[in-house]
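Report on the following structure.
So that you can tell them apart, the chains are marked A, B, C and D in the order they are listed, and the count of residues begins at 1 in each.
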Amino acid sequence: MDKTVSDLATAVAGIEDGMTLMIGGFGGSGAPIELVHALIDRFRATGSPEGLIVINNNAGNGRIGIAAMIDAGMVAKMVCSFPRSADPRAFTEKYRVGQIGLELVPQGTLAERIRAGGAGIPAFYTPTSFGTDLAEGKPVAEFDGRMYVQERWLKSDAALIKAELADTMGNLTYRKAARNFSPLMAAAARLTVVQASKIVRPGGIDPEQIVTPGIFVNRIVEVADAQQEEALMRAGVAYG
Amino acid sequence: MTEKLTNAQIAWRAAQDIADGAYVNLGIGFPEMVAKFQPPGRQAVFHTENGVLNFGESPPEGEEDWDLINAGKKAITLKPGAAFFHHADSFAMVRGGHLDVAILGAYEVAENGDLANWSTGPKGVPAVGGAMDLVHGAKRVAVITDHVTKDGRPKLVKRCGLPLTGVGCVTRVYTSLAVVDIESQRFVLREKLPKLSLDVLQAVTGAELLVDGTIGDLIVPEV
Amino acid sequence: MTEKLTNAQIAWRAAQDIADGAYVNLGIGFPEMVAKFQPPGRQAVFHTENGVLNFGESPPEGEEDWDLINAGKKAITLKPGAAFFHHADSFAMVRGGHLDVAILGAYEVAENGDLANWSTGPKGVPAVGGAMDLVHGAKRVAVITDHVTKDGRPKLVKRCGLPLTGVGCVTRVYTSLAVVDIESQRFVLREKLPKLSLDVLQAVTGAELLVDGTIGDLIVPEV
Amino acid sequence: MDKTVSDLATAVAGIEDGMTLMIGGFGGSGAPIELVHALIDRFRATGSPEGLIVINNNAGNGRIGIAAMIDAGMVAKMVCSFPRSADPRAFTEKYRVGQIGLELVPQGTLAERIRAGGAGIPAFYTPTSFGTDLAEGKPVAEFDGRMYVQERWLKSDAALIKAELADTMGNLTYRKAARNFSPLMAAAARLTVVQASKIVRPGGIDPEQIVTPGIFVNRIVEVADAQQEEALMRAGVAYG
């Protein structure tokens, strides 16, 4: 079994119009910039994929990564907890004129909904957001004298993930706080695509240290010197 | 009905349907035997509920590491690319639909896909383990079983009489006499032992066997 | 009301109530300042929602590792004994009641413990982050805030007018003028600036301040 | 902050009559034998703790560990998925005569209920056990055309856990499949007590490799040459 693919274009093949797409990362940490840009390249060449629903903690930063997807007109809706980042122009401009949708989800609920999607838990109760505008229309229930909001799982057609090490079977480690949502998204997506700084043979990662077991991963592509979104943004880089 | 497949032969037949690279959970006991019979060139990744992916055979006696066991508490070894994880992640794999196949034993399988394999009734100490999770998680849930009980009663039945493990979950049954799919809540006969007549097979089956297309010959080597 | 505590002084006061070894989450922005003012001999363990426990100060400019950031996307460093984990585990810590204290900013705090700190209304792009989880998770949820808004209106109110972050969640408020507990859905005054009269304080507070025992002097060094 | 305690008796102090106790381990792997035996020692000396509700995948094996607790008469009820182990005499004998209770929980549901307890999720839905005797009396609900059973969180007064490495702040690693339920139980208990093969200084474990962050741990005691339940059982050892 070898899940390695040779290039970024192959890695993101099969992500089509209207799909729901989870993208790992919290701000710039863990953002799979090269995979996202490969998807933008395809859109520029073919006009597809568009109409995407993108799930990420934020809604893009500067003119790169998810922000560049939004700029390019590929994103119909963002599902996120914090669309106001350091430089949220791309999202804000389209949101103000009604050209992009937003489902705002508290960060812990977003994480837990994605985790539930991967774990086969269709719904759960959380105290988070009870009594607030974000709980409107959701079922509530009392347990042990306290009120809770029912939340539904989140799944996706595909996930784009940035890992540190991968073995060819798809076992993954992450680098520092770049881990964030990625292990959850890997499990919640039908097609999980990973860019890893290095791909090693099976056995090249200690079984104790694997964070995402390969069962959750479909494709891996090596991106040895991956770009860092935060650095690109601070350098004022725009993609395309 | 003197001629029937041995357990090893049933396991062999089930193993032929496992694709290379499939993620597979084998139930405790008889189903564990399936791992031995993977066709050459194919390598499944075996999952055990207690937190290991890609384990291999048992170590030689005396070389067991009792921190490295499977769900049946047997000592195992690791293959390259193995991973450890905790129980919640393990059952996220199960319940979340990440396993390609689960192969389980059965007391009874009903034509509506119901499975009874955890309790023979109120006597004794009940124990369920991971069976109820497995039947609702894997993409394909298959059963391997003798076609009849030790005292000759059908194990493929109209409706289960024993306590259920899961509702409408089984899609294929490999028995000592036949391979039977469950489709639209009916048994559909796919293969039978070549010398066994349909009538005789039907007589030891507790619900109607539909025939949909050709019935293949269930031919299994000595193993 | 010319005399009031600076933000740093409010943060200093809040820091005095954090026990040695406490697990603490500080909200983005102003609350982050609390970390600087831990009393000598005490060391809290700071948690950030994006998956780090026991982080330390920002690195010098130019030495940032942008894979090592806090919830405010600022570069951080690690202390010995730090740990990384994913977002679901991070919010298990939050929601599961494992944090001793969360200290957050506020637009409004009501005498019933309701907090509004995420939205100033329908205009602009709404963003909530981890605030709604934090207010229902930590064992103690405290707020640090100026006592009044920039245009002089009370931030401690009878009922919040802005969209809520959480219901009945705040138990203590550190302001530029006073320390106020919330008990049985009422504001209870614990400390005030020594020269400030109760009447003047009440006049800039949007709900009744109860007095229960002595009112301490809120004395804070220049920081 | 130093969570280390000097001896096993101190480690299990505060576990009192009638408490709910999670005990890590799956069969013999990960069973904190020394902590369990320290609790038995106290019971023999003082008659307490008794009337315990014990949560573990199994219900003891042979005449050691949880089985020895049951033999000693300390356990009022077991919550487990598989009370039939290789040598389940201790539980079986008491169960047959009605001297011990049993709450039978499917293994994945047991894991998820404990995980929910630690994560502040009071209830969730699972497909597991729908339509079976084990779902009797539980609320059911339909999501996306499929039926699910509502399950409640499990929390406990205390947890006894076996780790491999611990640092003095309580960060833990585990050894191989001895991990199993322990990271979940550490988070779901009010008082989490750990026996570790080795205790190191903070920083002695790579932050990337910590499985249980110290926030979930209250006490650590070093047990350098911990006994292995399976080996003891096969040797026919009885405790006490």
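The criterion applied here is as follows: a contact is a pair of C-beta atoms (placed from the backbone, for glycine too) under 8 Å apart; a residue touches a chain by one contact, two chains touch by 3 or more.
The UniProt protein names, listed by chain, are A, D = Acetyl-CoA:acetoacetyl-CoA transferase subunit alpha; B, C = Acetyl-CoA:acetoacetyl-CoA transferase subunit beta.
Every value quoted in this text rests on a predicted model; they were computed, and no experiment measured them.
Peer 1: Find the geometric centre of each of chain B and chain D from their Cα atoms only, then give the gap between the two centres in Å, rounded to an integer.
Peer 2: A distance of 30 Å separates the two centres.
Peer 1: Taking the mean of the CA coordinates per chain, how far is chain A from chain B in Å?
Peer 2: Here chain A and chain B have centroids separated by 36 Å.
Peer 1: Measuring centre to centre with CA averages, how many angstrom lie between chain B and chain C?
Peer 2: 56
Peer 1: Going by the touch rule set out above, which residues of chain A reach two or more other chains?
Peer 2: Within chain A, the residues that touch at least two other chains are 112, 115, 119-121, 126-127, 174, 176, 207-208.
Peer 1: Check each residue of chain B and list the ones that touch at least two other chains.
Peer 2: 84-85, 88, 91, 94-95, 136-137
Peer 1: What kind of graph do the touching chains make: line, ring, star, complete, other?
Peer 2: Other.
Peer 1: Hey, which chains are touching each other here?
Peer 2: Going through each pair of chains, those in contact are A-B, A-C, A-D, B-D, C-D.
Peer 1: Per the contact definition, I'd like the list of chain D residues that touch chain C in the complex.
Peer 2: 1, 115, 117-121, 167-169, 171, 187, 201-203, 207-208, 210, 213-216
Peer 1: Can you check the complex and tell me which residues of chain D touch chain B?
Peer 2: Within the complex, chain D contacts chain B at residues 26-30, 57, 81-86, 88, 91-92, 95-96, 102, 104-112, 114-115, 126-134, 174-184, 211, 228-231.
Peer 1: For chain D, which residues are in contact with chain A within the complex?
Peer 2: Going through chain D, the ones touching chain A are 112, 116, 119-127, 141, 143-144, 146, 148, 152, 173-174, 176, 207-209.
Peer 1: What residues of chain B sit close enough to touch chain D in their complex?
Peer 2: That would be residues 48-52, 65-69, 73, 84-88, 90-91, 94-95, 114, 119, 125-133, 136-137, 163-167 of chain B.
Peer 1: If we count contacts the way the header does, which residues on chain B are in touch with chain A in the complex?
Peer 2: It comes out as residues 20-21, 23, 43, 45, 47, 53-54, 78-85, 88-89, 91-99, 136-137.
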